[in-house]
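Presented below are the structures under discussion, each in the form of structure tokens.
Two complexes follow with chain A in common, the first pairing it with chain B and the second with chain C.
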Partner chain A sequence: MKKTLQTIIHGPWAYWIGAIILGLLNILVLIVRGQPWGVTLNIELWTEWIATNLGILSNRGITLTDLMAASGTYLNFGLLIGAFWATLAASQFRFRPIRDKKFFFSALIGGLLMGYGARIAYGCNVGALLNGIASSSLTGWIFAAAVFAGTWIGSKLLLKYLM
Partner chain B sequence: MARFSIDIWGEMCPIPLIKAKKKLSTMQCGDILVLETEHSCTSRGIVVWAKANRYSIEEKEVANGIWHLELTKTHD
Partner chain C sequence: MLLITLLSQISFRLTLILVLGTCLGFVLQKSRFCLVSALRDPILIGMTQLTRAFLLLLGISILGFALVSWGAAVKNIPVTLNVFPMGVHTVVGGLLFGIGMVLAGGCSTGIIIRVGEGFAMQMLAFFGLAVGAVLGERSSVNWRNTFGEWPGIFLPDIFGWIPTLILEIIVLLTLWQLARWWQKKQLGE
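After this line comes the complex of A and B, so read on.
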């Protein structure tokens, strides 16, 4: 019993348990929110709001009130806070310095490409891939094919430049 | 029964696993490979891989968020 509790708090959880819990929570999001879980649309709105305030983009009328009323804001902050809390609860929190400059730049370029790709595809691998396929949308399948192709190229680049 | 170690500190999956596989292929049966990482998923990934490949592996969290792994090459 004590060992079970220890595993729940400290991990590691079996992959299939995590998958089932995520699946159930995703269904809950769909029921409560009336639309499936997505990550990047809200990030785009926040970015646009910040860029508008910095004078980089022309104003499309996104206000802070809108952002604070958007369910995506709470899903995204909840994701960050939840992950942080889980790390603290498992007492695995640690500042992890970047080992090499090349990892910094590869992460930065990767992040930019992922963000750009997610927005021209109208969703990330949560909103467009998983929930797309779950709702029988063709977008999800096309996204899946593109993800496989991208991952293949990414693996080749990783072996060549990051090993 | 030699002991080897490779430096995977601060590296993200799947780089540590690829490095470990490469090192393992140069080792003799019964040799031990010592790894230390500060990424939970790296540690987890190597343990799952070792078990799937029937290598004996010991995982210990030596400090908060630091894992020490000892992988024995039990077969070729």
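After this line comes the complex of A and C, so read on.
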């Protein structure tokens, strides 16, 4: 019993257990939200709002009130505190600096490519891939195939330049 | 906790969403679930355990979404599914996303999780993601105008619900077998 509790708190949980719980949570989000779980659209809206207020971008009419009422804000904020809480509960939290300068560039470039790709395809791994397929949409399957091909190219780049 | 209490005064629905989001973050962290590993590890090291778990997640979600949209239709509650229009940008976006997530060491969800764990690399990647998302959103219209776009195809509209679900489960099972075969081939028994 004590051992089970230890595993629950410290992890890692078996992948298939994660899959089942995540599947149920994903369905619950659809029920409560009336639309599937998504991540990047909300990040885009927040960035628009911040950039507008800094005077970098032209205003597209996004207000703080809208953002605070958007369910995506709470999903993303939840993800962050959930992960933080999970690491904290297992006393595994610490600041982890970047070890090598080349990872500085790979993180930045990777992030840019990902953000750009997700928004032209209308979603990321969660909104377009997982929940595109879960919605029985052909677009979801096509996006998944493209992401897998991209992963293959990315892995080659990783082996060549970063490892 | 304080935050949840405060929020519950304003909106029950948003509170519930925040709780669900927190659970998702907790479970993602504890189960080390990551779509980058699920797609990259078969290529890099030949491991497909997470790939197969992801297929299981897809299967559960497909069946759950079907049940929910059926229930919603019966009770006349509006539920929007993610049937997006498709076009050249679907493929290009997917390719860029795939390359980017390997370089950044996490997909958009994975990055948020790792920021929560305290990784500096993913904090930087998150900044890139935010900037990239704005650039993508603002150039999205150019992609549509240059290459055109077709309405998304909702498979049950073509085949009906039951055949679609059977077809999708068969595809997932085939991929599962393929993944198992691949791991055996790469790593032995």
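One rule holds in what follows: the second predicted complex is superposed on the first by the 163 of 163 C-alpha atoms of A that agree within 3 Å, B and C clash if a C-alpha of one lies under 4 Å from a C-alpha of the other, contacts with A are read in each partner's own complex, and residues count from 1 in each chain.
Basically, contacts are C-beta pairs under 8 Å (C-beta built on N, C-alpha and C of every residue); 3 or more make two chains touch, one makes a residue touch a chain.
The structure displayed is predicted, hence computed values, not measured ones.
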On chain A, which partner's contacts cover more residues, chain B's or chain C's?
C
In the overlaid three-chain picture, which partner chain does A:L158 touch, first (chain B) or second (chain C), both, or neither?
both
Considering only touches as defined above, state whether A:Y116 meets chain B (first), chain C (second), both or neither.
second
Looking at the overlay, does A:I133 come into contact with chain B only (first), chain C only (second), both, or neither?
second
Is A:G11 contacted by the first partner chain B, the second partner chain C, both or neither?
both
Would you sort A:F103 into first (chain B), second (chain C), both or neither based on which partner it touches?
both
Does chain B (first) or chain C (second) touch A:I27, or do both, or does neither?
second
Let me test your reading of the model: by the given contact rule, A:G82 touches which partner, first (chain B), second (chain C), both or neither?
second
First (chain B), second (chain C), both or neither touched by A:S91:
first
Counting contacts the way the document defines them, which residues of chain A are shared by the two interfaces, the one with chain B and the one with chain C?
11-12, 87, 92-94, 96-98, 103, 158-159, 162
Note which residues of chain C are touching chain A in the complex, please.
7, 11, 13-14, 16-33, 35-36, 39-40, 43-44, 49-50, 52-54, 56-62, 64-68, 77-86, 89-105, 107-109, 111-122, 124-137, 139-140, 143, 152-156, 164-165, 168
Quick one: in the complex, what on chain A touches chain B?
11-12, 87, 91-94, 96-100, 103, 158-159, 162-163
Residues of chain B touching chain A in the complex:
9-12, 14-15, 18-19, 38-40, 44, 61, 64-66
Per the touch rule, the chain A residues reaching chain C in their complex are 8, 11-40, 43-44, 46-48, 51, 57, 69, 71, 74-87, 92-98, 103-104, 106-140, 142-155, 157-159, 162
